[in-house]
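One structure follows; several queries about it will come next.
Chain IDs A, B, C and D follow the sequence of writing; residue 1 opens each chain.
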Amino acid sequence: MRNEQIQTILQLTIAITIGAVVGAIAMIVSGAPVITTYIQMWNGAFGNFYLFSSTLANATPILLIALGVGIAFRAGVFNLGGEGQMVLAAVTASLVAIYLPGPGFVKVLAAITTGFLVGGGLSMLAGWMESRFQIQLIISTLLLNYIVVLFASYLVSFPFQDRTGSAALSQTAMLDPAARLPKLFTGMTVHWGFVIALLLAVVLYVMLKHTSFGYDIMMSGKNASFAFYGGVSKTKMMLHSMLISGGLAGLAGVFEVLGSQYRFVDGSLTDPGYAWSGIMAALLAKSHPLAIVFASLFLGALHTGSLGLERNTDVPLEIANVIKATLILFITAKFSITWWQRRKKAGVSTSGTV
Amino acid sequence: MSERILMKNVTKKYGDFYANNEITFSLQDAEIHAIIGENGAGKTTLMRILYGLEEQTSGSLYVNGKPVRFSSPTEAIKRGIGMVHQHFMLFPHLTVAENIVIGHEPSSAGLFNRKKAVSQVKELAASYKMTIDPTKKVKHCSVGEQQRIEILKVLYQGAETIILDEPTAVLTPHEVKGLMDTLKLLATSGKSIIIITHKLKEVMACANRITVLRNGEVTGSRHVDETSEDELATLMVGRDLKEVPPRAAQNGATHLEVKNVVVGEKGEKPTLHHVSLQVKQGEIVGIAGVSGNGQSELIQAITGLIPIESGDVTMDGESVNELTVYERRQKGISHIPEDRYQWGIAKSASVAENALMGYQYIDAYQSVRGVINRRRFRPLVTKWIEQFAIKTNSLQQQIDQLSGGNIQKLVVARELGHESSFLIAAEPTRGVDIGAMERIHEALIERRNEGASILLVSSELSEIRTLSDRIVVMFEGKIVGELSRDEATEEKISILMAGGTVHA
Amino acid sequence: GGNEEPEVEASAEADGGDELRVALILPERIGVNPFFQQMDEGANVAAEEYGVSVNTIESTDYAAIEDNLRVAISEGYDLIITSSFESEDALTKVASENPDQQFAIIDTVVDLPNVQSVTFKEHEAAYLLGAAAGLSTETNKVGMIAAADIPLLQKWTVGFEEGLKKTNPDAEFLLNYVGGFDDPARAKELALLQASNGADFIAGAAAVGDLGVFEAAAEVGFYTSGQDIDRTVVNPDHVVLSQLKGTDAAAYETIKSFVEGTFEPGVVAYGLEDEGVGVTYITHESETPLHDFVSEDVIEEVKQIKDQIIAGELVVENPLSGE
Amino acid sequence: MELFDLSLLHSTMRMFTPILLAALGGLLCARVGVFNVGLEGLVLIGAFSAIVGNYFTDNLIVAVTVAMLSGMIFSFLLAFMTIQLKANEIVVGIAINFLALGLTTFLLRTIFDVKGAFYDSSMRGLPRVDVPLLSDIPAVGVLFQSQTPLVYVALALPFVLYFFLYKTVAGFRLLSVGYNQAAANSLGIRTNAIKYGALGLSGLLCGLAGAQLSLGQVTMFSEGMTAGRGFVALVATMLGQSHPFGVLGASFLFGLADAISTRLQSISIPTQLTSMLPYILTLLVMFFVRGRGVETNYSNEQSSR
């Protein structure tokens, strides 16, 4: 086991190094100074406390979505619908937080609960279609994304559009200050959602490792027939894991609304590609909840780092994006493979979709 | 006769563990050479080395006197070595002919000439007296047919040496006989054959020479004329075999009852056709039949893995039809599945995790409700490992690193460990060595003597006859006959299995 | 503060290190929207002329706007200019937390004592464009390809339709949405569809999609118009008008006023009156000669409408503040 | 406006061509067991390269070839990363999407010195041609008039692919890799080479899709001009069960629904709602074609023991 971990870390280091080298080549080609560029990227992500906090803020939705995707992977299903689940949850949660009468904490709690249930419900719908009608989850979740994102856009462009102020954007009204998630530090972007996400990662870790439910999930993922034979209900597993998976994606959206944007703005959750980043983080971390925390921070840092690069240097944003892409490209590559391993694996087919 | 293959001082290490230790093995032209040995002795490993799936740590290989080293099966195939895997490497969606010719397809101008493939396969099969329909899809083929396809494939590729790893484990007695004939025919036409098996009768029936492995080493090599089943058994297990324990007289009430059960896809011919059956407390009911005649469906219907269309399954008179798999297990059903890889284990999980299945909800192994206490569970697994001599490095070892027989033993131990009132034992000794078979048989009889009901499904007639109090025979989804322990002769069972009738 | 202009001027000349530093934080990447490119150019011209340094920062997504604003503050820029509705929330938050920092926002209003807001009355220009289209059309069918069905674009769509109905109440107005800002292929397809339904003038309001509309025009021979800058140069035979919006001027003027010390909070609105918005030939000159499809008479007539608007005789409602 | 008319179909055919081409590319990947989420990026690269080729050589054949080659190069990158370096195919696919977007924007700036979009009125797009016999058929003949050659190529490709996959030896082996790679490997079939081939071919098709987009439908390049077509293609691949005709049908269905949703814009329903139509329809269709994910079975992961 020990050995395996060292192996993994070694692999990752080599992957990142190679990614960085290829990135450096891209910089040299485009005439950007390599060292400065990397320093600026680092600074952009961790240069000072504000930037670090902003990296954390950025990592929050990625982390939540990745935990969701990860748990689904563990159960053997590929939830590609994080985007839709996040958006639908965000829009309903913001409506609850705006229109539900009552004190602030009630609004917040109600919004979080609704968001979790809406995100989870949407993904359960896909799970149900798979277990009841054999409609492949991977397609249905992808399709539901489009439908739901359009629907959310409709809601905030028409019935629930904010008519105060310039009324130019498709967005809901602003949340009461009382109905917001507090920031961790004033003047910084990171909010309590991050802490909750961290706790959830730990909870999921413990759940997977120590509970019978977690055991059922893992075994369903490794061999569904075996789990079924052992008394694990296929449908229940599908629905429960999808509920959690979508619920977590939903929370990603809810926390963005309650903790950082204070309203639902059409496109603000889809444009940054949180959902794809979440999927990547889950894959990087091989769906291990604690490793997902680090993978999400890495991706969050990559994002804020490239923003910093854009702000502080003449290196164009496009190069920052190219470097980012290169690092991601190599991150799952396995460089430490010896010839022996390679030959042996050659007989085994690739891991399919997961 | 000259030496076709020589493996000299071959050693294979996994970490510190010697799977093969200085093994020397030779194969003559036109010889059938059997390799036997207990589970985990290193038989499969040795053959994987010969077939290029695994590379030896040290030692050398010679084919027709020339030194070789294989880094992939392709190279072994080029040297005329073919292997029939126990888990068939077939394409279920393709036809028989396509499966056989793939890699060497008859073609003109890049176009796949399927007609020619069919006729070539027909010819090839005919020349070795094997019957097979080349146009059938493989997913519709029986296990025996699939095995024939594998053999034909190897022959089609031009193999002169054929390795078969436990080919008979999944075959019916009739099919076994067919295979033996085929192997002999192949040998007379000059092919050399290596066969791994745990069944000494088969060894004596077809092999020219026998090599016995134990703990990764050769403990003996004999010509068939110079040895006996007993000697081989001793060489293998290192001790004499015991008798099956005595059966205590039992007169229990009906525990499990299957009434008029029909199973089948709508619009298709039912796979179970009004099947009725009872198992009493303290009784072992054996189900004999050529595989594919509804035994799997019957098991799955009882355990709740497939829904039934009509009829009733009851335990102690209460219907369990509406219960889930979990609830049925709660009620006291446990189940040794016929296919350990499909149902019995999760390959990528550890031995410990695989052992836990079914125990994860039991209070005794939970600290708080829903939280598993693995520390409390561990002694139980350790006990199983001892009891059935399961060869594993540690509980954390990934289970698919265990040899097939050892995996089987773990699955058997796990299901017996429930001490449930009703046990389905489907092919409980598939792939295990004779020593382990003895232990498993002993354990099953013990459960019976303690009053448990056991439904035994086996393609091994001797196993059915040794263990069962009553024998029912299935044919085409129906129960076509029932014989008491005393009246059941192999002959009578065989006739029923083939769809004939027996007059008592 | 930014009100000590003599020192500022002097120091800016004397020593590059102490020159005024302006951050232009764009809410999106400069790209498919010519609008931001123009703003960047305007700011750079001002920077050059007045010896200030301008750092243009593009935001990759909505959440990045706030980050960029905050970092700019911590890095001590003298003036932070941002733009568009997307930045409204972020700026409101950040500006109220940092009352000593000077901000400007172009294209929308943030009502805070340390923010200057510059707005445009695009609907007025759209109205003129519609009026011109109404007068020019021969088939009595006029179309428009808009980027997306979102409230913001009503300034273009509603203004245009009102102008059209004003001069030609019988004209049929065809309106299609591309559903995004980055899909010229689809915009072209929609334009072809409208043309096949008989529209002979189809206005583009689809960001980069306009290029697709222009192509369709060249292919099947209808007339069209562009946005923001004088697009008639792209293809004078088919792109016969262009609706203008002086975001470059806005950025330029903001920096200029800041350097000159006349910068103050409040709202500066650019309309037809001050030529902050307009339509080629009607309010602004064009490099290309007027196409026959839009006759001089039409231009004259629309110029009168423009005068009425400027004089306040004709009020074009801002569709966004209508409710 | 009529809901259906021939001009609608004519337009549908143009609009669905890039999707069909990319979806056929996706099919090839799926057939060797690779779930390629990088289609979007590959198409984008094709679109950009086509414009570069066209601008510098002024030769459409060269331009289209350049597009195909670049699509292929990036596809090989995906193949190399996943086959040689055993990287996760989804992560690599996503990275390729990012890379395509970043690289095309960057090159747009370096090569043409513009941001956003590149457009040059001197550039010629793909010619419009009629198909000799088909275009004379009454009524529907109009569909085969004045489309770019790539539209016809795309329509013919499913048949070609069908022939290739189900009639040739190479196609047969390609399928075998997807059915059961371990088994194919054990037979000495060069599965990796086949995967490279299939992925390369798929990149080539994505390049073609890009060329149709940037030289066929319009004659320009703009940042991110694929606008999600690659993902729609991915859906079409899956919906079409990775069968050439299935994919043809799925792409057509999608294109048609899309065109109808455009028509519906005129009856004052918010576009957000009309735009859902293609996706909802696709979802509904799945209730009827669910017959379990293709014949490729990822589950058939037997190792050679």
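Here, a contact is a pair of C-beta atoms (placed from the backbone, for glycine too) under 8 Å apart; a residue touches a chain by one contact, two chains touch by 3 or more.
This is a predicted model, so every value here is computed, not measured.
> Identify the chains in contact with chain A as well as chain B, in label order.
Where chain A and chain B share a partner, that partner set is D.
> Counting C-beta pairs in contact, which comes out ahead: A-D or A-C?
If we tally the C-beta pairs in contact for A-C and A-D, the bigger total goes to A-D.
> Take the average of all CA coordinates in chain B, do the same for chain C, and state the distance between these two points in whole angstrom.
Here the centre of chain C sits 76 Å away from the centre of chain B.
> Between chain C and chain D, tell me the centre distance in angstrom, where each centre is the average of that chain's C-alpha atoms.
36
> State, to the nearest whole Å, the distance from the C-alpha centre of chain A to the C-alpha centre of chain D.
The separation of the two C-alpha centroids amounts to 27 Å.
> Which positions in chain A are in touch with at least two other chains?
153, 157, 346-347
> Out of chain C, which residues touch more than one other chain, so two or more?
149
> Got the chain D residues that touch at least 2 other chains?
Expected reply: 105, 180, 182, 185-186, 270, 272, 275, 300, 303-304.
> Which label fits the chain touch graph of this model best, line, ring, star, complete or other?
Contact pattern: none of line, ring, star or complete.
> Could you run through all the chain pairs that touch each other?
Touch list across chains, by label: A-B, A-C, A-D, B-D, C-D.
> Spell out the part of chain A that touches chain C in their complex, as residue ranges.
Residues 48, 50-51, 54, 57-58, 153, 157, 161, 163, 165-170, 174, 187, 189, 256, 260-263, 265-268, 271-272, 303-304, 306-308, 310-311, 317 of chain A touch chain C in their complex.
> Going by the contact rule at the top, pick out the chain D residues touching chain B in the complex.
Where chain D meets chain B, its residues are 167-173, 176, 179-180, 182-189, 295, 297, 300, 302-305.
> If you look only at chain D, which of its residues touch chain C in the complex?
Result: residues 1, 7-8, 11, 14-15, 18, 105, 115-117, 119, 121, 213, 217-220, 222-225, 227, 262, 265-266, 270-272, 275 of chain D touch chain C.
> Show which residues of chain A lie in contact with chain D when the two form their complex.
Interface residues on chain A, with respect to chain D: 30, 133-136, 138-140, 142-144, 146-147, 150-151, 153-154, 157-158, 276, 279-280, 283-284, 316, 318-322, 324-326, 328-335, 337, 345-350, 352-353.
> Across the complex, what residues on chain C touch chain D?
Touch list, chain C to chain D: 30-34, 37, 148-149, 174-177, 179-180, 182-186, 188-190, 192-193, 196-197, 208, 211-212, 215, 234-235.
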